[in-house]
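Look for chain A in each of the two complexes below; its partner is chain B in the first and chain C in the second.
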Partner chain A sequence: MRKIVVLIFIVTLCMHAEVIAVVVGKQTPIEHLSAHQIKAVFLKKREFLDGIRMKPINLSPKSPLRRSFEKHLLKMDSETLERYWVQVHYRGHRPPYRVNSIESMIRFVERVRGAVGYLPQHEVPKDLKVLYRIAL
Partner chain B sequence: MLYYEQKIAVKCEVMKYIIFVIAIGLFSAEILSADDTPYELGHGIQIGQTPIYAGGYLSMEYRNRFSGEKRLSLDDLAFMFYGETDRFDYMMELEANDVYTEVFSGAVDNESVNFHMHLERFYLDYKAEDYTLRAGKFNTFVGFWNRVPINVLRDTTSNPLFAQYLFPRFTSGINLQYHPEQWESIQINLMLQETKDLDAYVNDTAYNNIPVNRHYGIGADVESGQVRYRFNAGTFRETDNTTYYYLTGAFAYEENLFRIQGEIGAQFDKDGATVPYMGYLQGAYRLSEHGEVIVRAESYDDRNRQVSDTFGLIGYTYRPLYPIAIKGEYQHHAKHHEDAVLFSFSIMF
Partner chain C sequence: MSFSPTKPYTMTLKNKIRLALFSVAFLPFIILLFYLQNMGKERIINESFHLYHSQVHLVKKTIEQQIGSLHKEVRFMASLDLMNDMIVNDVDKRIVSLLLHKQHDIGKGVQLYAVDNEMRIIASTEKKRKSSAYFVEAYMLQKALASHKKMFISGHVLFLYAPIQSTLQENRQTGYLLLAYDLNVLQKFSPGQRNGTMVFYFPKYNIHIGAAPKNETSLQDMPHRTDTIGEEYLIVNESFEGDMPEGFVVYFVPKSHALAFLDHFTYLIWGMLGAGTLIIALLAWWIGKHIIKPVEALTETTQQIINTQDYTTQVKVHTEGEIGILSRHFNTLILTVRDTLDALEEENRRRLERFVQLITIFNALIQTETDEACVDLAVGELDKLIENAHFQFSAEPLVGTPDEMPLFVTDHAEGTEHYYGKIIRKGTPLSDDPNEARFYSAIASMVTLQLERIELLRQIRSVSEAKSVFISYMSHELRTPLHAILGATQYLIGYEALTPEQQEKVGKIESSASHLLAMINDMLDLAQIEAGKIEINMANYTLPDITEKVSESMAMVELLAEQKGLVLKEGTKVTFEGTLCTDEKYLKQIVLNLLSNAVKYTDNGEITVSYSMQEEYLAITVSDTGIGLSDEDMVTVFDAYKQIRNRHHEQGNGLGLAISKKLAKLCGGDLYLESDGRGMGTSATLLLPKCL
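And now, the complex of A and B:
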């Protein structure tokens, strides 16, 4: 009985652990990306993967989901990222396109080939593909 | 009396110019920005609905050599226009250097004004999956410092000598950057220049660069976790037909709160070493959200200029926002007469 209670407790904890899913639409023929590749795409160090021009999408800078994504996947804090993007401006490049809501993120990723975004795992619609999961 | 009236007139002219530039910037930010993209300082601005973004930067500097001159200058004012498409990127940067300079040395001050714009960068990139081909004038891909050399982006008001005397700061020609997907953390740069500096076609003298008419270089950028390495080798020919060779290596380690970076190189001609060594080691630690302290040691032996020195500096940079930098630094040289303090204000828009 005690073992069952412990098991239920662990399962319950796992169900509530937050997971961020990195997603693309079905028209983007990529099935898997490594953390290193995702980081390179979101920092715009790599613009093409498997012949496809990647279009990373960000939420607004104050979004908690974006902050979690940057902290756990990019492993950069907001000051370091600001320094990085101002340097990128000097080099003549733009930061990822920004949307203001998760709904906009879903619509953009669904419709645009090469668009890659991130969502809470439990909000990923069926017609998006999950390429990578980040457990927080 | 006439002398002071002339000085006031010059200062008024410079002030009018600066106010004009700031007004244009604010106008651009307010009027030209795309409706759904609010302007952010230091990120440039889209010009209407065109695929062109505009930005720029300026810096003011005060330098006091304890045993020599004191110098106040509006030393950089630049405008950038750039854009990206699926396969092509483009960039044009126009810069005026030493727009206003006042030198205090002795009884009489000297001041000068210069609004002449130079072509600092001008290039077109073609992007393929595994490589990027760049043609035009661009920052030479050597080390770390030379790739983001402007005041507001660099760590200190002064530049390390490493980034000034060993190799051409700009290359006018082509650069092939090879970065295949299977080489996750390595990229190769191959630079070829077989002409004089692009700006020298308009202005007779070399601007902000060693005067060269040939430059061949190769470099490897390697990343391993939080450590990055840069290795470069190359040869260039000055316009007086002297040929030099250079070899450099650099590393950087970065955490969120601190960075360590070092670069070292040597330069040769057909008779042997002209610069046997020139390098620096620097640490930067973020004390608060807006403030950073920087410590750097530099050493060099430059037989071309017949000078050698070892010196250290400590600096502090305050950034109320990242694209605005207020910096101070103190340099202590083994050659006592070179000791100096420097202050600067710089902004990127």
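And now, the complex of A and C:
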């Protein structure tokens, strides 16, 4: 099994076929998230899921992973998003908390209840729950 | 003769002006100095305190503001979203870069720390620090937390802190953000060493930033929040407020600096005082020389005039102005005084001359002995005295012109007044001066008085002469029948046929007749003396001659004294080489009279004759231990025809002493009695003059 996974990993690397995993920590008792739900959380349209305050974590704007995430999951380019945040700013919404590194993202997700982050598939540690995968 | 002022402290005009100048010039200085030294100093100190206090206050506020703004920054940073990175131990080093960035903004004096709840340092501006090391001041932080303080001090570092709350974890606290502020940096707020020393003192932590000057009150002992004056410093105090830890800003300002203005001003005043003294001294000297000198010259001249009484002295006029005018007026005054004095002197001299003339006239008038001489003299003297008039006597009746001086003579014997004549004044008419009329009236009165006197003397002389002549004639007329009576009775005493009773009666007639004869003789003597009809034969005698005469007189009364059991003796004697003038006959008569009186009025005891020299006289004193004389007796004893009627059975008519006294005076001497009173004896003293 492990060999298969490693094989797939290598294959995906070789294929440049990257997969983005949406993850939460173990202490976040959420087992499933739809793409719609993820989008609502990251656009701060939904604050609670199953009674848990959701805390989306973003990477820095220049990160290719974030651009991929926004492009493929949120289906929005940078300009559209910027306009969106400017609009919702007046309703009291702020963009998700931004971190600079994958490591930081991992730690946040691990430590903060309700924190939702995204990681490249191959960097997801064992103790994180992958709720959604975006195949590119 | 000195006219120097009697008051010992009278000040001269010069000194008064100098004193006034000095007072006027110095008073403001003194007041200013006094003000500066007292109220001024206090006020300036208060002002200084106020000034420095506001400086300190400004410093304090600045510090508070800075610390406050730093604290605000810390709180702000702690509230940043970025602080969520605490959760992930600042993996992205974003907190570190934020802190470094902030440190750069604030300055190197600060360090910033982000620590988690377990006091591990998550991020810090200290480069060497290993990550996840424990925060050293954790204990102090926890203490501050426990006591709800927002700052704390450790070492020389002030820590400002704010809790970091995670926005991602429902504001759960994730740690603390701390700012370490090096308190030594505070020194940069102190305003320069020149003005003083500023010390930031935190008593609770026993920290003081900046060194307090030595020899000053130690910070611990100092009463906080009060301004005090030390020995060399003004100490201004201000405590931190707000979130700052308990602490003070203490500002030591050297007095020399704080009171520099006062000192400089005082030096200036002293300097001005010195310069003022010099100027005033010069001014006073100048005034003494140029203004007071003429006054002094004037004073000296007046003093000289007073001392010498020389009113010809004049003041030299040197200056114009008031003093010059005063000097000139003074000169005029002196001239007037001199003229007046001269006139007065002349007038006085004239009046004295006139007075002397009048006295001379009066004296001459008194000397005149006849009416004609008196009137002639008066007219002649008046002619001489009054230059512009001629005088003349006239017995014609009055015509009533003012030039007449009527002479009315009073006859005192008759008590009537009759017109004698008048003195007529011819020449210039009388002036209106009442004194002149009075003068002539006085002359007339004088002439009248003298005329009356001459008349009175003439009357008195004729009366006295008549009396003496009458007494002489009467005495002679009385003596003739008395001698007949005496002759007849003396014949009868020798007549044998008379019975003893008849003889006794005839004896009484004889003794009465003898007594009567003696009395008549005395009266005759007295009348002769009074009429000046006795002859005094003055001759020169030596003392032994005199004593011999006295002894002869004593021998004559010796028998009488023995009969009465009295002791008659000579008392003290005297030596005298010169000659004495007296009449031998009257000397013996007087002494005999005195001795017989002594025997007559003495019942027992002794009679002493003694001699002494009294100035130009030899005194022969007859003392007895007899009845003596009272003061009243003494007054009347020499009056003729008076007898002391205490011994009416004794013979005597009282003329003896009166005659003796008159004789003694005629001989150029005197006679007087002395007695201590009734029963105390009497002493009679006869004075004989020495020969010239």
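In this text, the second predicted complex is superposed on the first by the 120 of 136 C-alpha atoms of A that agree within 3 Å, B and C clash if a C-alpha of one lies under 4 Å from a C-alpha of the other, contacts with A are read in each partner's own complex, and residues count from 1 in each chain.
Quick note on the criterion: a contact is a pair of C-beta atoms (placed from the backbone, for glycine too) under 8 Å apart; a residue touches a chain by one contact, two chains touch by 3 or more.
The model shown is predicted, which means the values in this text are computed figures rather than measured ones.
**Q** Between chain B and chain C, which makes contact with more of the residues in chain A?
**A** Between chain B and chain C, B touches the greater number of residues in chain A.
**Q** Quick check on the superposed pair: does A:R83 touch chain B, chain C, both, or neither? Answer first, second, both or neither.
**A** After superposition on chain A, A:R83 lies in contact with chain B alone.
**Q** So, does A:R53 touch the first partner chain B, the second partner chain C, both, or neither?
**A** Both partners, chain B and chain C.
**Q** On the A-aligned overlay, A:Q27 touches which partner chain: chain B = first, chain C = second, or both, or neither?
**A** A:Q27: touches no partner chain.
**Q** Could you say whether A:G92 touches chain B, chain C, both of them, or neither, answering first, second, both or neither?
**A** Touch partner of A:G92: chain B, not chain C.
**Q** Tell me which partner A:H36 touches in the superposition: chain B (first), chain C (second), both or neither.
**A** In the superposition, A:H36 touches chain B alone.
**Q** Considering only the contact definition stated at the top, list the common interface residues of chain A for chain B and chain C.
**A** 53, 94
**Q** Which of the residues in chain A end up touching chain C in this complex?
**A** Residues 53, 55, 94, 97, 99-101, 103-104, 107-108, 111-113, 115 of chain A touch chain C in their complex.
**Q** Which of the residues in chain C come into contact with chain A in the complex?
**A** Contacts found on chain C: 81, 84-85, 87-89, 91-92, 94, 166-170.
**Q** State the interface residues of chain B toward chain A in the complex, per the touch definition above.
**A** Residue list for chain B touching chain A: 37, 42-44, 53, 55, 57, 80, 82-84, 86, 89-91, 127-129, 147-148, 150, 152-153, 179, 181, 184-185, 254, 256, 286, 289, 322-323, 348.
**Q** Show which residues of chain A lie in contact with chain B when the two form their complex.
**A** Per the touch definition, chain A meets chain B at residues 36-37, 40, 46-49, 51, 53, 76-77, 79-80, 82-83, 85-87, 89-95, 98.
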